[in-house]
Amino acid sequence: MNATDHAQLRSALVDLHRLLVDSALVVWTAGNVSARTDDGHFLIKPSGVPYDRLTPESMVLCDPDGNPVGPGLKPSSDVFAHAYVYRHRPDVGGVVHTHSTYATAWAARDEAIPCVLTAMADEFGGEIPVGPFALIGGEDIGKGVVDTLEGSRSPAVLMRNHGVFTIGASARSAVKAAVMCEDVARTVHISRQLGAPLPIPQSEIDSLYDRYQNVYGQ
Amino acid sequence: MNATDHAQLRSALVDLHRLLVDSALVVWTAGNVSARTDDGHFLIKPSGVPYDRLTPESMVLCDPDGNPVGPGLKPSSDVFAHAYVYRHRPDVGGVVHTHSTYATAWAARDEAIPCVLTAMADEFGGEIPVGPFALIGGEDIGKGVVDTLEGSRSPAVLMRNHGVFTIGASARSAVKAAVMCEDVARTVHISRQLGAPLPIPQSEIDSLYDRYQNVYGQ
Amino acid sequence: MNATDHAQLRSALVDLHRLLVDSALVVWTAGNVSARTDDGHFLIKPSGVPYDRLTPESMVLCDPDGNPVGPGLKPSSDVFAHAYVYRHRPDVGGVVHTHSTYATAWAARDEAIPCVLTAMADEFGGEIPVGPFALIGGEDIGKGVVDTLEGSRSPAVLMRNHGVFTIGASARSAVKAAVMCEDVARTVHISRQLGAPLPIPQSEIDSLYDRYQNVYGQ
Amino acid sequence: MNATDHAQLRSALVDLHRLLVDSALVVWTAGNVSARTDDGHFLIKPSGVPYDRLTPESMVLCDPDGNPVGPGLKPSSDVFAHAYVYRHRPDVGGVVHTHSTYATAWAARDEAIPCVLTAMADEFGGEIPVGPFALIGGEDIGKGVVDTLEGSRSPAVLMRNHGVFTIGASARSAVKAAVMCEDVARTVHISRQLGAPLPIPQSEIDSLYDRYQNVYGQ
């Protein structure tokens, strides 16, 4: 297998990074998307490369431990976090990391985002939790993501003083979760600036989540 | 009548959804526009389809009860809310639903937006009211919209913990109300962050509303 | 003189309205630019026409009293305010009106923007004052603008519960003042959210204003 | 040496000014980038020229004292500040000045931005400090920048009541610092609106900074 395999997935990753930029979730090079390949490896953004210079070929193929396979660019600094998630969550096909503004503001206070919007019940099924502080580079972040999301319906986790990780069945689903996470982080923040948003009863959250996951869409 | 009738209205709906995106009122697939047809049915966005993939043909023709007519995509999850509005408000030709940030922030607190701007008096004729919490999928939201707007001059209603519905003589008018609603929701929110906006006396609100509705424009 | 004279000025006005949109100072049709012609009349935006449909020909030529000259579209609702300014301020060649968010938020509280930024000292030479509440359609707004700016170095005035008017030697200068007004309104608002911005001594404001007006630029 | 030398650097400066605009760090003409040439002079934005009219030829070549070399446009009002930085910091190859909103809001309160985000530890190695109030036009601003950054790892300094200066080994690095400075200024501001962001221990800041400076990227 050489570094230019998985042509379609590589091309989709370029588009999804572009979507992060267009959704104003990332600046400069601070954010990345990865996608699991059908042979159990994964493709991820190269480290420090600006979004407008990403090409399908520049995406880095990594083995399940996060080591690059074959020649090419160095993978994202967050590669071992992504690898840890893929190894421990066989249901996950895509992982996204951003420092999106409002979500990161909640993360800096170590404060979960309460579920006070129907859109949040739909997508996250409850609050968006906060994971531990962890240094970049090793597996600590990946472990924090997996441990915090265990038993949660949320595909997003706020990592303390750091930013957001989201997961999905596909890279596109993980990007959707990242977009929705910032959207609800912003709306709930703004609501709380002038008072206390009303809670949504758990039974209503359950109804909304069930419907959205099972009925919504085509 | 087949699913590709009403070509001009279908095309206008694609443009109006694009306008929601360009006005930053919606993210991903969370928002929709519908328009009543001249034969008493209505066209609405298909469920879960991204805005940049909408085509005139993808718009879903529904009967007055909100049931799709003929083959095609599934209509928006909010289809029964739109249908309820059309059945109970013969003056309405278009309905818009968004989760626009600032308006939804007011809605999450169950707080009406007070009329403290001349632009708000012009377009809304007073405060923008809040409707009840209601689950998506049935007619409860439509009933909440119609009941709350009864006796109000506002073409916009904030639905508690949810978002915004707007109505208009045409789909374009309803989109205008959605754009103006977010604009005044944002300005009044920001004004209140540092103090209390001054009220506008009711007689002045009445003068402004009357002039804007009857003199403004070509 | 017919309605298509002043071709260059008409074309410049289309561009300047586009600049208001690109600078996010206006939504829908809520804002306008006018420019004095060399024969003592002025050109102004037509009422209620969306910005992306403006053409040079659509700009409305008005006499010094604000009455349209010749056939064509109806002028902006604010035409008499613009006319009043041109009649009472022979130094003014352009007038701009917007409801830009942060400036209008200060206006809704009837609160002048204090001069706590060097960029504000440069362009406005001190605080940006607030004018009275006045109904749209007559000369009250124009009188409020002229009276409030008398004795002020600021080319911008916040009209209570309404929005912003700016003046300039040219329409382009007035647009610049509108852009800078919103920029400093936003920055000072945000600064005050977390504490008290430090004042700039009057003598320093005077130095900055003098330099910017007389030395800056080509 | 004539004013059109350094063709590649001049062209890069046009692109970097465009990047300031695209990153929403500047409005109208309020912000500038300079780059040291390999012969010890530097190129800088001309004074008062709008960003969309900048050309490679319009960039002004200046000697180490900030005086223009040869015919051409007048340099930025901030030219002597840039010159002072180049003379006192031989490691610096580029300087950027902006009035970006959130950073300037901190500067107006004379308040340093605390290091509560891993992205801030990465790029700035600690807090972003505030320099003194200084008038535009002379060397006071340059001296304030150099003195404040002495002993700091931050490539950005907030100048009181004014805005931001950033430095870098290249003009592109200085632009990156300006982009990241506004991003963290905004995120930390928003975090503090609803409570107190958690501090990051100094040892963790040191680890993050060391890794980012030495391991990150290609």
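Each chain gets a letter, A, B, C and D, in the order it is written, and its residues are counted from 1.
FYI, a residue touches a chain if its C-beta (ideal position, glycine included) is under 8 Å from a C-beta of that chain, and two chains touch if they have at least 3 such contacts.
Small disclaimer: the values here were computed from a predicted structure and weren't measured.
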Both-way neighbours, i.e. chains that touch subunit D and touch subunit A: none
Numbering shared by both copies at the subunit C-subunit B contact, with half separating same from different: different
Chain whose average C-alpha position is farthest from subunit A's own: C
Computed distance of Cα centres, subunit C from subunit B, in Å: 31
Separation of subunit B from subunit D, taking each centre as the mean of its C-alpha atoms, in whole Å: 44
Residues of subunit D touching at least two other chains: 193
Subunit D residues touching subunit A - in the complex, by the definition given at the top: 23, 116-119, 176, 179-180, 183, 186-188, 190-191, 193-198, 200, 204, 207-208, 211, 215-218
Touching residues on subunit C, where the partner in the complex is subunit B: 27-28, 30, 46-49, 73-74, 77, 99, 101-102, 104-106, 108-111, 133, 135-137, 160-163, 189, 192-193
